[in-house]
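Going by the order they are written in, the chains are A, B, C, D, E and F; count residues from 1 in each one.
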Amino acid sequence: MSDRYRLGLDVAERLAADKLEHFVKSGVAEVAPDFARMVIEFAFGDIYSRDTLNLKTREMIAIAALATSGTAGPQLRVHVESAASAGITKREIVELFMQIALYAGFPAALNALADCHDLLTDDNCFAGACG
Amino acid sequence: MSDRYRLGLDVAERLAADKLEHFVKSGVAEVAPDFARMVIEFAFGDIYSRDTLNLKTREMIAIAALATSGTAGPQLRVHVESAASAGITKREIVELFMQIALYAGFPAALNALADCHDLLTDDNCFAGACG
Amino acid sequence: MSDRYRLGLDVAERLAADKLEHFVKSGVAEVAPDFARMVIEFAFGDIYSRDTLNLKTREMIAIAALATSGTAGPQLRVHVESAASAGITKREIVELFMQIALYAGFPAALNALADCHDLLTDDNCFAGACG
Amino acid sequence: MSDRYRLGLDVAERLAADKLEHFVKSGVAEVAPDFARMVIEFAFGDIYSRDTLNLKTREMIAIAALATSGTAGPQLRVHVESAASAGITKREIVELFMQIALYAGFPAALNALADCHDLLTDDNCFAGACG
Amino acid sequence: MSDRYRLGLDVAERLAADKLEHFVKSGVAEVAPDFARMVIEFAFGDIYSRDTLNLKTREMIAIAALATSGTAGPQLRVHVESAASAGITKREIVELFMQIALYAGFPAALNALADCHDLLTDDNCFAGACG
Amino acid sequence: MSDRYRLGLDVAERLAADKLEHFVKSGVAEVAPDFARMVIEFAFGDIYSRDTLNLKTREMIAIAALATSGTAGPQLRVHVESAASAGITKREIVELFMQIALYAGFPAALNALADCHDLLTDDNCFAGACG
C-alpha cells in the first residue's frame, strides 16, 4: 500500500469513506483493480489532499463539474452524498444546480436535480444514513 | 429598466462591472440587445443575487463549470478576472483547474490554464488593472 | 404570480400544458420551487413567447438542440410529445433525428430515436393521449 | 462522379455552393479527398436532398445543432452564410441563438453570436456578398 | 440492395453480425428504415470497409471514441461485444478505458467500465455467447 | 524526482520528448508546477508505461479520444506530432479522423483535419522536424 493510497483513503474517509470506497472498489475493482487503486491514489491522495482548498470547496467544485458534464450521474450522487460530511447543506446544493443552468442549460440543472432527488428530499441522507 | 435588470447590474458591479458589462453589452448588444438585457436580468438579477451562496462561492462554481465545459474560454476569462473582487486568490484558481482534470480530463485543465495564462501570471490583474 | 409566469404558462398550455407543467413542477418544484417557477418565467415567458419564430420552429430548434446534446433524454421526450400541438409530424421528427447524425454522430441520432421510440410508434401519442 | 455526389452538389449549390464547396474541398480535399467527397455524397446527397423537410427547416436544424455543440464554429459560419439562400432572416438566427441558451447555456449562445458577429451585422452578407 | 449495403453487411458480419444487425435494425428500422440502411451503407460499407486500418484498430478507435463521448452506452456495448471477433482481449479494453480517464476524466472511464461490466466479467461473452 | 516522474519522462521521450515536455512544462509549469509534474507522473508514468497496450495503440486511442472531444486542439496536435515516433503513418491518422465522423459527427472530423492540416501535409513533420 503506497503512501499516496494511504493518504487518499484517509481523505476519502473524512468525506464518506463507506460510500466512496464502496463506489470505487465494487465493480471497478473486480475488472480494473489497478484503476480502482489509481482513483484513490491520484484523485484523493494527490489532488484532494492538497491544502489550498478545503474539503467543502472541493466538494462544491466536484458537484459543479459533474452537474455541468451531464454524463456523470453516479459520480454526482456520490459527491452529493458526501457533501454533508464536508459541511454543505441541501439548500446550497439546490442553489448550485440552479446556477449551473446558466452555464450548461436548463436540462443539465433539471437532470442533476432529478438524479439526486431522493438525496435532496430524504431527511436522513445528509446525516450519513441515506440510500 | 426593470427591477431585475437594476438588481443584476448591481450584482455585476460588485464583481467587476466594467468587464462584465463590457463583455455582455459589446458585440452582443449590437446584434441581440434583448439577449444582452436578459443575461443581466436572469444570470445576475435572478440567480447571482440570491443569498444562499455568497459571491465567492458563486464564482468558484462558475469557474468550475466553465472550465469543465471546455467551450467557454471567453466566459472563463471574464469570471477569472472577476474572481479577485470576490476574494479568490490565483492559487485557488490554479488549484481548482487541477481538480477539474479529475472530472473533465487533463486537456480541459491544461486548456483552462492556457486560456487564463496571462491573468494568472500578471501581478496586477487581480487588483483590477489587467487585460 | 408574475406577468412573466402567467405568460409562460400560457405558452406552455398552447404546447401541451399538462405534460410540460407536470414535468417542470413535479420533482423539481418539491426541492427547487423557485427554479420550477424560473423555468416557466424565463424559458416560456421570456423566450418562447417572442414572436420572431413561431411555435413549430421553436419546437424543431428545441428537439434539434436536445438530440445534439445527448444528455437530455427526459427533456427531448417532453418536446417530442409537444410537437404535435405545434403542428410537427412524426415523419418530420424522424427526419430531424437523421439529420442530427451529421452534426453529432450516429449514436446521438440512434439514441434520440430510442429515447422516443414509443412516442414515434404509438399512433395516439401525437393526438395528446400517449404515455 | 457518383449520382449521390451529383445530387449532393446540386443541393449544396441551391444553398451557397461556392462557400460550401470551398469549405469542404479546400484543406480537406488536400489531405482527405475521399472524405471531402463523402461529405458531399452523404450529408448533401443522402440526407439534405430528402424532401420531408425543406431547406429552410434543414438550415434551422443545422444551425441549432452546431450552436448547441459549441465546438463547430467554422461549420456554424458556413450554415449561417447559407441561411439567406434558404430564406432565413438575420433576426431569425439571432432569435434561434437566444433560444439555444435554454438548452446549452448562456456561453453557447454568446459564443454563437460572437462567431457569427460579422455575418449578422454585415448588411450585404445575406445577399451572398459577405466574407 | 445497393452494393454499399451489401459491403456494409459483409463487414458487420465479420465483426458480430447478429448483434450489429440486431442493434441497427430492431427499433431503428421500425421507425426509421432509411436510416437503418444508411448506417449499414455509410458506417460499414463506406468507412469500415476501407483497408488503411484493420478491423482490430477500427474497433479500438470506436471504443475509444464512444467511451470519450460519455453519451453512447448502447453503442459502446455493441462494439465491446464485437471486440473479440476483431481479436481484442478484455484486458486491452480495460486498459483502453483506463487511458480514456486522461482525456475525458475519471467519470467517463468509470462509466464505461460500469456500462460494460457484465461483458468484461462474463467468461463466455468474448466467445460470442454473452448477453 | 520521483520514480513515477522518471518513468513518465522516459516514456515521453520515446514518443517525442522535446514536444511533449515543451508542451507540458512551458506555460503550465510557470503557473502550476505541481500539475506539470503530475501530468508526467500520472499520464506517462502510471498509464502510458503499462505494457498491455503498445505505444502505437496508445497513440491511436489518444488521437481518437482527443478528436472526439472537439475541445482539445492543442493536445491533438501534440499527439499527432508524436505519432510517427510510435510508428503511425499520416494515412492512418487521416483514416482515423474519417472514422471519428461516425461517432462525433462531421464537424469533429473536419476540425481535427483542420487543426492538424500542416502536420498532415508537411513532408518532414513525421520525421521529427516539423512545427
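Throughout what follows, a contact is a pair of C-beta atoms (placed from the backbone, for glycine too) under 8 Å apart; a residue touches a chain by one contact, two chains touch by 3 or more.
A quick note: this is a predicted structure, and the numbers were derived from the prediction, not measured.
Student: Among the remaining chains, which ones contact both subunit B and subunit D?
Tutor: Chains in contact with subunit B as well as subunit D: A, C, E, F.
Student: Where the contacts of subunit B and subunit E overlap, which chains show up?
Tutor: Intersection of subunit B and subunit E contact lists gives A, C, D, F.
Student: Going through B-C, B-E or D-F one by one, find the pair whose contacts repeat those of B-D for over half of the pairs by residue number.
Tutor: The B-D interface is reproduced by D-F.
Student: Return the chain whose centre of C-alpha atoms lies at maximal distance from the corresponding centre of subunit B.
Tutor: Checked the centroid distances; the maximum from subunit B is E.
Student: At what distance in angstrom does the C-alpha mean of subunit F lie from that of subunit E?
Tutor: Here subunit E and subunit F have centroids separated by 24 Å.
Student: Which integer distance in Å separates the CA centroid of subunit D from that of subunit E?
Tutor: 30
Student: What whole-number Å value describes the gap between the mean CA coordinates of subunit C and subunit E?
Tutor: Going by mean C-alpha positions, subunit C sits 31 Å from subunit E.
Student: For subunit F, what residues touch not just one other chain but two or more?
Tutor: 34, 38, 42-43, 50, 66, 69, 71-72, 75, 94, 98, 101-108
Student: Touching residues of subunit D toward subunit C in the complex: what are they?
Tutor: Those residues of subunit D that touch subunit C are 42-43, 47-48, 50, 52-53, 57-58, 60-62, 64-69, 72, 75, 91-92, 94-96, 98-104.
Student: Can you list the subunit A residues touching subunit F in their complex?
Tutor: Answer in residue numbers: 34, 38, 42, 46, 50.
Student: What residues on subunit B touch subunit F, complex-wise?
Tutor: 70-71, 90, 94, 97-98, 101, 105-111, 113-114, 117, 120-121
Student: Could you pull out which subunit D residues touch subunit A in their complex?
Tutor: Against subunit A, the touching part of subunit D is residues 101-108.
Student: Can you list the residues on subunit E that touch subunit C in the complex?
Tutor: Subunit E residues touching subunit C: 27-28, 30-32, 34-35, 38-39, 43, 66, 69, 71-72, 74-75.
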